[in-house]
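Pasting the structures in now, so scroll down.
You will see chain A twice below: alongside chain B first, and alongside chain C after that.
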Partner chain A sequence: MTNTRIPAVRPRPAPPSAPADRPATRDRRTRLLAALFLAPTVVGIVVFTVVPIVGSVVLSLFHWNVIDSPRFAGAANYRELAGDSTVLVSFRNTLVFMVLAVALQLLVALVLALAVNGRMPVWLRSVFRSAFFFPLVLSAASISVVMKYLFNQDFGVVNWLLGLVGVAPVPWLTSENGAMATVILVYVWQQFGFSFLLFVGGLNNVPKEVHEAAALDGATGLRKHLHITLPLLSPTLLVASVVGIINALQVFEQPYVLTDGGPGDSTRTVVMVIYETAFEQLRFGTASAVGVLLFVLIMAVTALQFRLSRRFVHYQ
Partner chain B sequence: MTDSHLNRRALLRYGAYGAGAAALAGTAASWDRLTGADIPGRDDGSLVVATLGPAYGPAAIRTLTEGFRRVHPDIKVRINAVQAVDWSDFFAKILTQIAAGTAPDLVYVATEGVQLFARRLGVPLDRWVKRDAAELREYFADVHPALVESMMYEGSLYQLPVEFNAADIYLNNQVLRRAGAGFPAADWTRDDFTALLRDMKQSSGSRFTPYFWTNRLWGGVVPWLFANDTNLLAESKAPGGSWLWDTFYPADRRAGRGGGFRWTTPQADQPRVEEAYDYLASLIQEGLCTRPEGGNGQNLIGVFSTGRVGVTPAGGFWAGGLHLAGMRPGTFDVQFFPRWRTQRMQFGAAGYALLRTSRRQDEAWEFIKYAARRDTLTRLFETNQTTPARRSMLTADRYAESGPAHWRVFYDTLDRFPDTAPIPAPPQVAEVEQVLLKHTGTALSSPRSVRPALRRMQGDLEKAMERDV
Partner chain C sequence: MSQATLTPSRLRYSLGPWARITALAVCALLTLGPVIWTVSTSLRTPAESFELPPRIIPTDPTAESYRGVFDQIDVWLLALNSTLVTALIAVGQMITAGLAGYAFARLEFRFKKPLFALVLATMMVPLQVTIVPVFLVLKSMSLTDTLLGLIVPAFPTAFGTFLMRQYFLGMPKDLGEAAMLDGAGPWRIFRSVYAPLAAPGLAIVGVLAFNYHWNEFFRPLILETSSQNYTLPLGLVSLQGNLGTGSISVVLAGVVLSMIPAVAVFVVGQRPLREGITSAGVNR
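Right after this comes the complex of A and B.
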């Protein structure tokens, strides 16, 4: 037996421990601070988004003409919409407008962004960027008033210019197809600047090395754009298309000023129907019902876009 | 694991935060700041008068407020000039104010809104008119009964008309000369009108439009319906009104007058309506007039004054407009709307409607009377921006500077054709107008489109008229 004494293990002095509640307090304080910073936005969203949405849903169940007290109507407003040809046509017009306007807007913006992103003096690039973005900061209503003059069939500058080269007057705003095409043209001219800026930003984020590697492998300009630029730009394209579609589904000023929905109903959009039903016919319940349907449509289209984007959007 | 219980120190700290927040909130609440009540005139006992903004410039507003103050120093008045594109936009904004609890006492209302306001919002003026009959005799003697009748609804009077405009035809004298055509006779016919348009077209270039018309309730297709002795909605008269006619108008001038117009039954698919549309479609096909959607009043003065348009329907308001645009007397003139089956014409009038919500109804009535006085209207309508409702105001002096030479046409439209009537404006007028504009565009897209478009118009009008406004 050895007399080796095993030294007694002395417990190490415990490190000075923080008070038990300190991390929790820090967490709570962080959460409180975050809540304080978020509060104005949350209040804004609740007051200006949630309350009106809920208000519209509730109002869509009532008959209300502003003057008298609202009367409960149940689903009567929705039943009325089912048989209202103007409402149905307005949804069709809005969807047609959305598809054509957004497609054209993205195409124009992308082509111009690629062009501006090419070899070009910096000052000229700035000029183009400003010029393309400029229409977006103007009021849609005032632009539409000017365009109405320019596209007037009898006295407009556009037909006058066409007349100089022997083209007969075009019924830009007075034929069914011409009116929709002109409204789309004016809308795209004003709106493409936003997508254009997004694309310019997106193109700057495409790594040069990838292009250089592709060039070494013998890829040509078009192939590089199709197989490298576009896939890498797809997140930007998703954002631009989501914003573009939501805006297009709510189009109002351009058709309202340019054509007042005509000829017939050919350019009447859903938001125009909401405005006319509420503020001209004083049927706020019915107008709210149309608004609820538009809300559902926008939600559905946006959800579908995000769903489909899983297949087409590539993140680096 | 965190301790969910607050210790004493934390409790004190949160208590201090709470007290601080309460103190801040209290300070903010008691801070002297602007509220809706600080808007000049709101809740200060002023009589609030809503007018269609563009028609009332600062000088007109001064005329009304300062002039009224001189007559009634005890009544404060505030003019609320509401900016709006047209009457339906104006009514929408007024209704929004009413919904917001800031209803004016008086609203300037045109024919388009007379029945809507009368049915839902207005106060009949009958008791005040009866009370002040002696004072008002001079007014009614000066105002055509057709204008007064257009402000009646179901036997009661809701407004005193202060202005009106009939759809007469303006002609560009330069274009007439170019076409070698003389000034048309007062009883010219629809065929004379068509022949004149053809002459104008022949003598001018391809980029000339003989007849410019706009797609709207007033001055659009409706005057052609009147001339063809029909209307969009079957027209009848409400009983009553004799309390007014017997008091203020002699027997020959009150004959046939009733308690206001009733427009109840749509008749857009009737043959005479179709005939009027067919006529306009033929003018479009022949290149003699604009398509309805092509034109609007905004660019009309420009193209008319530069000789790119020959004729257009417009009221007395255009005399002032053309003058301001630089057209001198002698360069344009005005004639009655051409005869078809009849030469009955259409007009639109306007006056002040008193709202039920007003707490100053007696003061409001004083303002209505003041606004209809001859001296007030003379100062208000200096620039011939409209046709005054008072016959005595239409004098050679008034039109010497602005023209036209045949200025008598403005009031003679009523005097020579006493069955001239207001545009069809039932309480559902907004929807009626919308339906009219929509289907008129479709109807005139080709000659074959007229009948199907009118059938659809009829269906939509029936639905609109069934709605209780």
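Right after this comes the complex of A and C.
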């Protein structure tokens, strides 16, 4: 009758770093080896990531077209962006894309991972797993070339299929909403396998006994998933959404190949604007300013997400 | 009392296994459908490529479109460029990630923590944000419009380094200690004890790198201006531009050609690829 709790098993604290490690620290040969081993990675990261980050900020304060020498511009590039409707629209498009694409991707991946996790022959499970993972190995650019034909309004297979069930031809790539929907669908089609694999891995880590105990208590179907599987899967859900969001904010290939940003600016994304401003219009300062803003956006969204997740993520 | 488990809510929410498997099969077909359509359309004559309803098995299969691709673009050159770039990056990443991962996992030196934090932090910085200065850095090294300009910046890999560090951390410490007692120096311990054990981890890094860089589009688009430096994805998109909507089957034949190595890696490297992706979620 007393509610005896089984004491939680705590991992023993790691022993304080053994004194035997100390002489190794002073070993000159070890330090030399470490420096040699790290040099390619650290030098590469400094030259191709750290310096360019600083460079982006500095460049964003200059007018520069590569040909003439750079002129200091102060905040002029940023003021220019605030009045540039294409840039503003591209940020709105990217945010809309991010929310819809990530939500759809996580939902599809989660439902399919739960379904694949159910009872079925082992060979069949691995067939499904491979099928859902397959689009990930293909190139986004060439897949978008294929999808451009499939989503063609007049001779595309998608509208032909919809026609079979009596739906009138949809202007997938030629209307503003249709174009955004197509870009999202093509992106999700290729990307959901990533979250799917994360979820399958996460579900394998959920102990069987938890489900059995829940079943004994009468939890079934949807309720079991909502109250037991999801909380246990929440760390994986966090990683999948963080990676999903960072990737979605960088979307480029799909809108570039499918719609070239159109119709109008309806599918122009931030990265497309960076590309066009820098490498087509040679406005390197302005492009850097857009890059800095994208960086700030990514950091802000990720920080917000970690903040929110504190309330929903449960670690076992 | 086993009947008692058949409560109404269970009937409503849990699909029977057959319904679930059928639904999964439909989803799998939707996932693979575009690829199947691509292969089958590439085997039709250009004139028949618009055909609706799409027939999965071409009535009269022909390699005519494949010949068309070779006429339009220099497939061999593009494939050679892609292979060179991808293979060198994959090998380069295996080396840099293997060395750095080992240093972070098993060697003691000053500034280890801040250096590792720096490497991890760069995983958060997408290339698209820094592409303008990266382009300028490469220009100052005269590496724009060269294949080397694609290869060298891709050598350091934050994710690969992280993965290899986890991998080395998972190996027993006593192996190295035993070798040290036998008089092996730090290099010998790495070379003869730990490096050979790291092969599966390195395979993950290599397969991930191959998959990513074989399909890469953004950096080649910006860096390579002369068509003799194009990689396959760039060549394909330009193939589509040359032809307009004239002959789908030729464009799709090009897509199929570029898919072959990716599919080969999928078949051979499926497990390392999957493990690489899964560990992105589980190890953190």
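Remarks
One rule holds in what follows: the second predicted complex is superposed on the first by the 266 of 316 C-alpha atoms of A that agree within 3 Å, B and C clash if a C-alpha of one lies under 4 Å from a C-alpha of the other, contacts with A are read in each partner's own complex, and residues count from 1 in each chain.
Quick note on the criterion: a residue touches a chain if its C-beta (ideal position, glycine included) is under 8 Å from a C-beta of that chain, and two chains touch if they have at least 3 such contacts.
Because the structure is a prediction, the values reported are computed rather than measured.
Contact with neither chain B nor chain C is seen for A:Ala300 once the two complexes are overlaid on the shared chain. When the two complexes are overlaid, the chain among chain B and chain C that reaches more residues of chain A is C.
In the superposed model, A:Pro171 lies in contact with chain B only, and not with chain C. Of the two partner chains placed around the shared chain by superposition, neither chain B nor chain C is touched by A:Leu107. In the superposed model, A:Tyr149 makes contact with both chain B and chain C. Legend: residue contacts after superposition of the two complexes on their common chain; A:Leu308 is shown touching neither chain B nor chain C. When the shared chain is aligned, chain C comes close enough to touch A:Thr236, but chain B does not. Applying the stated contact rule after C-alpha superposition, one finds that A:Trp160 touches each of chain B and chain C.
In the superposition on chain A, A:Leu282 makes contact with chain B only, not with chain C.
Comparing the two complexes, residues 21, 24-25, 27, 145, 148-149, 152, 155, 160, 279 of chain A contact chain B in one case and chain C in the other. Chain contact summary for the complex, chain B toward chain A: residues 2-3, 7, 10, 88, 92, 95-96, 98-99, 120-121, 207, 209, 215, 290-291, 293-296, 298-299, 303, 308, 430-431, 434, 437-439, 441-442, 445, 453, 467, 469. If you check the complex, the residues on chain A that touch chain B are 20-21, 23-25, 27, 65-67, 145, 148-149, 152-155, 160, 163, 171, 173-176, 179, 259-265, 276, 279-283. Chain A makes touch with chain C in their complex at residues 21, 24-25, 27, 29-31, 33-38, 40-45, 47-53, 55-56, 59, 112, 115-116, 118-120, 124, 127-128, 130-143, 145-150, 152, 155, 157, 160, 189, 194, 197-198, 200-202, 205, 218, 220-223, 236, 239-240, 243, 246, 249-250, 252-253, 257, 271, 274-275, 278-279, 284, 287-288, 291-292, 294-295, 298-299, 302.
Of all the residues in chain C, the ones that touch chain A in their complex are 5, 7, 9-10, 12-14, 17, 20-21, 23-24, 27-28, 31-32, 34-35, 37-38, 50, 52-54, 95-97, 99-100, 102-104, 107-110, 115, 118-119, 122, 124-126, 128-137, 152-153, 155-158, 161, 185-187, 190, 211, 214-218, 221-222, 232-234, 236-237, 240, 245, 248, 251-252, 254-255, 258-259, 262-263, 265-266, 270, 273-274, 277-278, 280-282, 284.
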